[in-house]
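Beneath this line is the structure, given in structure tokens, with notes to follow.
Order of writing sets the labels: A, B, C and D. Residues in every chain begin at 1.
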Amino acid sequence: MNPVNYLYLAALLFTVGAAGVLIRRNAIVLFMCIELMLNACNLAFVTFSRMHGNLDGQVIAFFTMVVAAAEVVIGLAIIVTIFRSRHSASVDDSGLLKL
Amino acid sequence: MENLIGLLVLAPLLGAAVLLCGGRRLDRAGHWVGTLLAAVSFVIGVVLFAYLLGRSGDDRELGVTVFSWVPVGGFRADVGFQLDQLSMTFVLLITGVGSLIHLYSVGYMAHDERRRRFFGYLNLFLAAMLLLVLADNYLLLYVGWEGVGLASFLLIGFWQHKPSAATAAKKAFLVNRVGDMGLSIAIMLMFTTFGTFAFGPVLGGADGAGEGRLTAIGLMLLLAACGKSAQVPLQSWLGDAMEGPTPVSALIHAATMVTAGVYLIVRSGAIFEGAPDAQTAVVTVGAVTLLFGAIVGCAKDDIKKALAGSTMSQIGYMILAAGLGPVGYVFAIMHLVTHGFFKAGLFLGAGSVMHAMDDEVDMRHYGGLRTYMPITFVTFGLGYLAIIGFPGLSGFFSKDKIIEAAFAKGGTEGWILGGAALLGAAITAYYMTRVMLMTFFGEKRWQPAPSPAEPGAEPAAAHGAGELPHPHEAPRTMTVPMIVLAVGSVFAGGLFTVNNAFVKWLEPVTGHEEGHSPVSALTVTAATMAVLVVGVALAWAQYGRRPVPVTAPRGSLLTRAARRDLLQDDFNHVVLVRGGEHLTRSLVYVDHTVVDGVVNGTAASVGGLSGRMRKLQNGYARSYAVSMFGGAAVLIAATLLMRAV
Amino acid sequence: MNAAATASMTSTGEAVQFWILAVVATGGALGTVLMRKAVHSALSLAGTMIVLAVFYLANGAYFLGVVQIIVYTGAIMMLFLFVVMLVGVTAADSLKETIRGQRWLAALCALGFGVLLFAGIANASLRSFDGLGQANSGGNVQGIAALLFTKYVFAFEITGALLITAAVGAMVLTHRERTERAPTQRELSVARVRRGKQVPPLPAPGVYARHNAVDVPGLLPDGTPSELTVNATLRARGQIRDVSAEALGELAALEQRSSEWQGQKQGEGRKGAAQ
Amino acid sequence: MSFPLLTLTAAVPALGAVATAAVPAARRTAAKWTALAFSLATLVLAAVQLVRFAPGAKGPFQLTESHAWIKDFGVRYELGVDGIAVALIALTAVLVPFVILAGWHDADPLETKSSRWRPTQGFFALILMVEAMVLIAFEATDVFLFYIFFEAMLIPMYFLIGGFGDRAGEHGEAETAAQRSYAAVKFLLYNLAGGLIMLAAVIGLYAVTAHQLGAGTFSLQEITQARADGRLEFATTTERALFLGFFFAFAVKAPLWPLHTWLPNAMGEATAPVAVLITAVVDKVGTFAMLRFCLQLFPEASKWATPAILVLSLVSILYGALLAVGQRDIKRLIAYASISHFGFIILGIFAMTTQGQSGATLYMVNHGISTAALMLVAGFLISRRGSRLIADYGGVQKVAPVLAGTFLVSGLATLSLPGLAPFVSEFLVLVGTFTRHPVIGGIATLGIVLAALYVLVLYQRTMTGPVREQVRRMPDLRARELAVVAPLIALLLFLGVYPKPLTKIVNPAVEHTMSQVHKTDPRPDVPVKAPVTAHDVEAAK
């Protein structure tokens, strides 16, 4: 087996995650899907790191994780705040983008 | 001596400027200033005339170029004057009759509060008319040509508060503009053909140009002449122009301006001689108009309009003569001058009658005036005899020569033209007798004065409405010009014919040939006398023997048509005015809906499209995410494609 | 696999492991997207993450593999679950789509995107790979540390700042400061009376029922269950255990027995009403 | 480097705009005087230009200034004037003081408190701003520099149209304001659309020069020089596309049928002085640019497009005149008359004869003066009665003879009466067209009849007839108003009788343009021995 298969898997996971973002309305699930996409990217980075024989890919994946953590913290905080005021975690209810 | 020519034009121009810009301060003396400057112009004219007479026949042309007006490339227009025998004749007529009519107006307009302005306009007219006849090229002539049109517009519409006067003024200017269009196209054709439009080179080089080109120029000049001289088919304005004060009708619409077309054709003789077809058109127009005007003149009850029809008809004679070529030029001008005397006299007489009758113009409300205003009666009577061609009076000499020349054209054409001219003479005798009888003879048919017009507008009625008029003789300032003109109408023709003086005077400029008439001159004269008697007799039978009805009878079909200017006006109204109104209205609609509509439609469709697009912006974050995701996909596709390529 | 500097194949063991775990990972991902309840989604995601941790380890990223399990699966996923419990438990996500065409468009985009990604990967010539033998020779953690504190030190520092900012941000966002005075008991009761909906306290669960567990609704006098008696959260989650039928059945049986015992005949009518 | 006269001429009104805007709000009169003073200073500088300009000098441009500006794109700050530009600069500098004087009270705050505040300072500052930009546009010989100011002048114009209108008449403030903003937006959109297309052409021009000359340039002189040397050759299609891009923008601005519909709206809704600014000053940039840029940059394409443009301008002449006849609104009538006149100007430019182009240039100047006079008098009339409808007037001649007289003279100038300036130019255009295209020239002559029709109908309906009740108390022209109109009329008379000072300046520039297009006047069919004219006599001296 060639490690390129990891890349295909990463692509598949990424696509599934993206589709989830588009389909799900629950903001929390939506965030999970985003996490899924980030993880798919990380997998690709790690695989590339192996293919190229250096550790930069892993470092980037590490940074991705940190950023993901920060993002989740803030994102969840926002969800909680919105839920408090609107009693809903559905993204469709936050239709404030509409004029 | 040459510099005097410029002064000739400048004097009345100065008068116009002073009077029009001078303000109210000049109200009291303005009319005398105007008259004085007209007289100055006349004196200069006489001095120049004397100077010309002092030179030999072939050396009587003075020229002076004042300054270069519009020099652009090959286009050289100068302000330059040319004084030859033809111009001189006109200068004397214009300034002479002009000065007399200024004098007459002093009395006639005495009660008008805007008299100063009236004299300003009259002076402006004199300046423009002198410019017209003195110009040494067609473009400068065109300036004068439009200038007299402007003066005519201002003077016809002088009583602007009357909507009819304002409309008549506008109509006159517009119809004239159609003619002016002809003149400007003619000038352009000259420039294209000869590279210049100065009289000398154009007329000298006319032989070299093709006949087609000359015909085109000739026809355009004819169009111009038709407009200015009220010839068919552009005659319709002249009748309405009688809305202007009577001195204006006498000076502009009888003696001088309307004859400018004749001047133009005679001046451009070289062009017409090279274009027989154009000449045929000219004589046709002349012949048709002389009959047209005469017929219209028979039917009108308005004394001024009857005289206007007569003017049209007489100018038709002149145009006819001018179209005959060198045979007729001299007689055209001669008739022009004699006509200037007697027609101006007739108009002044008519003005005097109107003045006496509280501005009544309907001849059916006159009658028996000869005892109340003897001077007017005598001068008007002399003018009448002159115009019908009573032997020995001036009209006899000039008209007779034209009829002779028409016969001399030869062939069928000659017979037709001669016949038309003879018939015209008969009708002239008829309608002028009619005017004479209805005005000065028979019993009084006076009517109470019409309700007063706006205060201070017209020469104010001396007394209130509802009273019968008290006819009285006009003041001295009015009678003197009438007497002078009457003298001119009696003797001018004879004076010109003695020793063939007029022919000799003009021949160096216009050239002259003796016509070879198929009928002898004596026969023509006899025939003219015969038709004259018939015309007078007919009129007497109708208006002298029987009382004239106060209200016009319904009349025959021809009479009714003639009262309406032979339906020419109606035709114009239906075809041009109505058609034009419809055209402009539909164009306004088109501009609003189509031209603007296309743009507004584009705007609306963009708006509509964005309305649709707006729905894509539904505010759902997930929808936006789809677009983002789709966009990312497209970007990847594009990247891959680029790499594949 | 560490030995070869450049290779094109991995070991068979890894291949077997990949094919098995890849199916698990994909299943977890699909579960995340498709599960109705957020909790289930979270658990599926956790499964996928663990699989990924294994893949990291297989790819020689030992440090990341461990971090993935500890930080991601352990911390972040727990945070998710925590929030789900806090807010998202009220209702299962209805999977019915409300935006017209959204699902089709999403599917189309995802399909196109996936195809393109696959095409892109397939297009790249990735026949051979270097392996991490050399890079990991001094130890994976040491290698990453060397990179982090030399080449990526600025990014690392900034990441630290980012994390602190995120922590502060989360606190600021969720911390709610009262802007007005809290309503007193009296005011609350006045408001309640004014609303006129439910003046006395809500009935307790389990009344007239055999059970008094919180998820068992109390029964009304005619024997039907009253949802008012159950906690709103349970109600929203549809987790009400209706035991009325069973209780009534038992009651009917009891009465039948007693009527048999007493020889009375009215029992039939009550039996019908109970059903 | 000589004295930067051209920069200074444009800078003075720009400074004036700043100074006027800086006058404190309460001191309205001071702002007016400031604006007038600066516009007069500009007039003086324009006069200096006229004096310093030598008609016979070598080279197409004089008083040139040239500095590098944006080196990366070869954009230069290049100014220079030829005879045409000098004439139009003089026109602009002459008209603006009159515009300011005529609009003296147009931007005063309304007496009633409820109405909106009208910033007097802004009005006059914007006028000066427009003047500065127009002057630069006339002076620029760098295409990019020209383009910038060609577009930038839209902004102050937009505010002038949309922000200041006639006092609301019977229709009420809200509706007039709505119509005004519609007109302003329409003006802006039309001109921006034209400008955008031109921008594409400007960039295209840069691309072509950059490709062929190595370094891209916008300099008119450099491009024409390179074309003359053969270093630069446009492909036929490229040249035509670029020409059309430029021409479209200028045709919108000019405006040429069927791109004209913004003009009646803008002129109708704006105050009379602003309308004068639009038609007499700003629009002239369009026709001027056709002469300077379209013909000189793209001679071959110009020749290619000539038939179509001639037909369009012919349509403009007749269509504008016919629509003017059908108007019920005085200002819209004048606007349509202007469309007709712009048709004549474009006809003259593309007739490709010396007479046509000189005539067109004179026409620009004369039309500016005559329309300014007519529009300003109409504005005085409208301000007295508060209505723009022709039907609301009648018999004004009786109560305000001086107003009626000046109106008539301006109207007669508009219908090109000989003796007044527009006649000279109109006749030159017609002759110039006729010598090359007799049919088109002949049909265009119809325009003079229609012009008489709309002017006289306007005059008759407003000035003559019985005095209407609402008009009876109308005051005649005041001293300030007479001071605006009288000099304009004097100028019309002077240039009508003695246009030579103008033709002397314009002719060499036109001959230069003609040589750029490689066209010569048609020869007369039967050349007669040219008579000795006054011109020859003077030339011999």
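Observations, loosely collected:
Everything below uses one rule, namely that a residue touches a chain if its C-beta (ideal position, glycine included) is under 8 Å from a C-beta of that chain, and two chains touch if they have at least 3 such contacts.
All of these numbers come straight from a predicted model, not from anything done at the bench.
Common neighbours of subunit B and subunit C under the contact rule above are A.
The set of chains touching subunit A and also touching subunit D is given as B.
For the interfaces A-B and B-D, the C-beta contact count is higher for B-D. In terms of their C-alpha centroids, the spacing between subunit A and subunit B amounts to 95 Å.
In whole angstrom, the spacing between the mean C-alpha positions of subunit B and subunit D is 37. Centre-to-centre spacing of subunit A and subunit C amounts to 16 Å, using the average Cα coordinate of each chain. Measuring from the averaged C-alpha position of subunit C to that of subunit D gives a distance of 74 Å. Contact of a single residue of subunit A with at least two other chains is seen at positions 18, 22-23, 25, 92. Counting partner chains per residue, subunit C has residues 99, 102, 105-106, 109-110, 113, 117 touching two or more of them.
Touching of two or more other chains is recorded for residues 618, 620, 622, 626, 629 of subunit B. In this structure, the chains touch in the following pairs: A-B, A-C, B-C, B-D. Against subunit B, in their complex, subunit A makes its touches with residues 18, 21-23, 25, 91-92, 94-99.
Residue ranges of subunit D in contact with subunit B, taken from their complex: 189-190, 257-258, 260-261, 319, 322-323, 325-327, 353-355, 358-359, 395, 397-398, 405, 412, 417-419, 423-424, 427-428, 430-431, 434-435, 438, 441-442, 445-446, 448-449, 452-453, 456-457, 459-460, 463-467, 497-500, 503, 507, 510-511, 521-531, 533-538.
Subunit C contributes residues 99, 102, 105-106, 109-110, 112-113, 116-117, 119-120, 123 to its touches with subunit B in the complex. Partner subunit A is touched in their complex by these residues of subunit C: 5, 8-10, 14-15, 18, 22, 25-26, 29-30, 32-33, 38, 41-42, 45, 48-49, 52, 55-56, 59-61, 63-64, 67-68, 71-72, 75-76, 79-80, 83-84, 86-88, 93-94, 97-99, 102-103, 105-107, 109-110, 113-114, 117-118, 121, 126-127, 129-136, 140, 143-144, 147-148, 151-152, 155-156, 159, 162-163, 165-167, 169-171, 173-174, 176. Taken in their complex, subunit B has these residues touching subunit A: 617-622, 624-626, 629.
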